[in-house]
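The same chain A turns up in both complexes below, where it pairs with chain B and then with chain C.
After this line comes the complex of A and B, so read on.
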């Protein structure tokens, strides 16, 4: 059984999204959370490229992918800088410990 | 040319807002000059737009097809309301020069006022439903921010938040209606919808119609949402004038008038509009009668007069309602600004402490008297003509019981207006308050409005003509000033209404002889002073929401993993529904 390129990429998209989601479900380390978000975003980028290819609107898919790349770079930068600040102030990077910020 | 002017009407106030914001609060003189300049220029631009009024799209901003094009149409209805918003708005700004002198954070004040004026002008000129919703919310946001301008005063903050929350119900109604229309007609163009409302199935059309009625009622402080407007009186007085006369509350009546042709055949809709208008007008008039706060009396009178306009739309008199809107804008702005001059000078709003101020402030007394006579509907002032027009439309097309109640309300209006004037300006001083007459900028704002209260009825003809030629969906019979005014003069109904108004005035004159009657009506007065229990309902809703929020707090764990689980579960649920639903 041979797989077409489209189905291979589709499996990759699902795989990336699943890994990212699973990681967000189980990790508690803030830097790992940022990494998980990055994996999710990469899955989404690939998904948009694939959708553009399937619909024949490659340009639209690419422009959306570019938008996500920018957004997720910003997420990474701000997330990591927050991580530095949080480590500085609270001495931990455990996200569950951050619930203390409530109230 | 028209597209350029529309850009100016929207752009000038907003550009002014940015500039005022950018100039620091240390240079408050420059801020004031900028605010006055830009608001007056916007007013001039809207006046210049009148000759270019037409029903075709004047300005089109394509948006790639995602939300329909952002279109603006300068038809008669839109242009007139834009003129009212910008002209009355600029007069309120001019008045603020004296009223707000020396206050802190003038930049925030003027920037928001200009943003408010631009937002209202956009709301009446756009023909894209989605954009209309955006402008609608801009006016709500600005009113909230300006009502609680004195953010260190808890009452002002309370009034602002209340206005925001209550008007949000209206926002939901408008959004729901707009989305329903979009889902069936596939575009947000409201002209296309009004021309062909049958696109929607009757049941959906009815939902949209009542959604818009809720929106209008919340915005125009109609029953059962009337409670926010009196509490909004904590705002600086020029803001009250702006909200009551130029921007904000007019939007609701405008919405009803705009969509009347689409909804008039929805079963029960017109009756509902009439009931909302009549109940509001009566209740607010009674509350105005027992209030002792000068600004609250005026606020209740606004609610009551808006009730007249809503009633007129329900009875089919769209032109009469918009005409009264124009008259009301002029005389209510006059009354509020005159009241502002009084409050600014004596430092209290309690009418029981005033009295005899007419001697100290002759100019303010004169202009307030003109505004009060117009509000009471005394002949030759603009309020008389437009109110008679509404009552005539109501008598010929609406139910008789509603007409009778509205005529009684006209008498009550005369009574509370006269009481208010008497308590403030006439009689002997009841405390050692020292008044001084209005300053120069105040006079510049007050005198044109006082002249306008005598003259705006002459605009009836041009207004009717413009409406007839550019808003074909609204039926208008008379087209010249003489015909419109002649209609009022020749009908015997006018005499009936005038007699009731005279009765209202006489009731105040002989108030001591009528002591028996007033004590018999004391229960009604007490209920009116308690705003007929609506405040209790409001408080109950707030307490209930707080209780529910406290109960639901436990679902907010703040733990990332749980939140992700919730998102994933929700996503799965949506997928399953989509799969099952096909």
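After this line comes the complex of A and C, so read on.
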């Protein structure tokens, strides 16, 4: 069985989503959680581009993927500044240790 | 075709290395390399404008943000034990992703159609004008959120000292 180019890129999308989901389930460091979200968003971007490409409307896929890039960057910015604040207030970045709301 | 396979394999390996790397800085650099390879893939798929944006934002801005945050928050790499048991996380991922792939892959056996050249600016400004407004609002909300988060410290710390 020979794979077409569409299937190959789709396998890359699935692989990125799998790595991101696995990292989100396993990782305990808050900054690493943001890394996992970035990988998930990369899979989403590639999926939108692929969908636009096989639909013949690559401009539409591009403009939707542009929205994903912007949202993803804002999530990274907010997540990282939250991590910095949590480090200041709680003294740790371990997700397991952050089960209380007050210090 | 061979180039596609090489780039995709490199991108997946870099993403996996970003997850398993012990040091956070190394992890951020692997993520930047994966982002650059993704930009190359997007360019090869026929979307050069988005490739430029992904390269400058994903490999540039986000990496700078990560390095900045790591230098403020500091490395703290003594948590190697995972949140879920690794076998359980593996099973969850394999089941969900495997199901998706199994359902979608047989329908994707066709070849990629010829690229119809469209201008991103036309689509973006004329068809998706509401999206542009939404993106501007999102960026503004993000800036406000960061300002609120980072200026929080000066106002709350003296109060808590009094209490």
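Going forward, the second predicted complex is superposed on the first by the 98 of 103 C-alpha atoms of A that agree within 3 Å, B and C clash if a C-alpha of one lies under 4 Å from a C-alpha of the other, contacts with A are read in each partner's own complex, and residues count from 1 in each chain.
Note that contacts are C-beta pairs under 8 Å (C-beta built on N, C-alpha and C of every residue); 3 or more make two chains touch, one makes a residue touch a chain.
This is a predicted model, so every value here is computed, not measured.
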item: Combined model on chain A where chain B meets chain C, clash or fit; value: fit
item: Most chain A residues touched (candidates chain B, chain C); value: C
item: Which of chain B and chain C A:29 touches, first, second, both or neither; value: second
item: First (chain B), second (chain C), both or neither touched by A:99; value: first
item: Contacts of A:11 with chain B and chain C, given as first, second, both or neither; value: second
item: Chain B versus chain C as contact partner of A:87, first or second or both or neither; value: second
item: Chain B versus chain C as contact partner of A:46, first or second or both or neither; value: second
item: Overlay on chain A, chain C to chain B nearest C-alpha distance, Å; value: 5
item: Overlapping contact positions on chain A, where the chain C interface meets the chain B interface; value: 21, 25-26, 28, 95-96
item: Chain C - residues contacting chain A, complex; value: 1, 4-5, 8, 11-12, 15-16, 18-19, 24, 27-28, 31, 34-35, 38, 41-42, 45-47, 49-50, 53-54, 57-58, 61-62, 65-66, 68-70, 72-74, 76-77, 79, 81-84, 86, 89-90, 92-94, 96-97, 100-101, 104-105, 108-113, 115-116, 118-120, 122-124, 127-128, 131, 134-135, 138-139, 141-142, 145-146, 149-150, 152-153
item: Chain A - residues contacting chain C, complex; value: 4-12, 14-23, 25-29, 31-32, 34-36, 38-39, 42, 45-46, 49-50, 52-54, 56-67, 69-71, 73-74, 76-78, 80-85, 87-88, 92-96
item: Sites on chain B touched by chain A in the complex; value: 557-561, 564-565, 568
item: Footprint of chain B on chain A - complex, ascending; value: 21, 24-26, 28, 33, 95-96, 98-99, 101-102
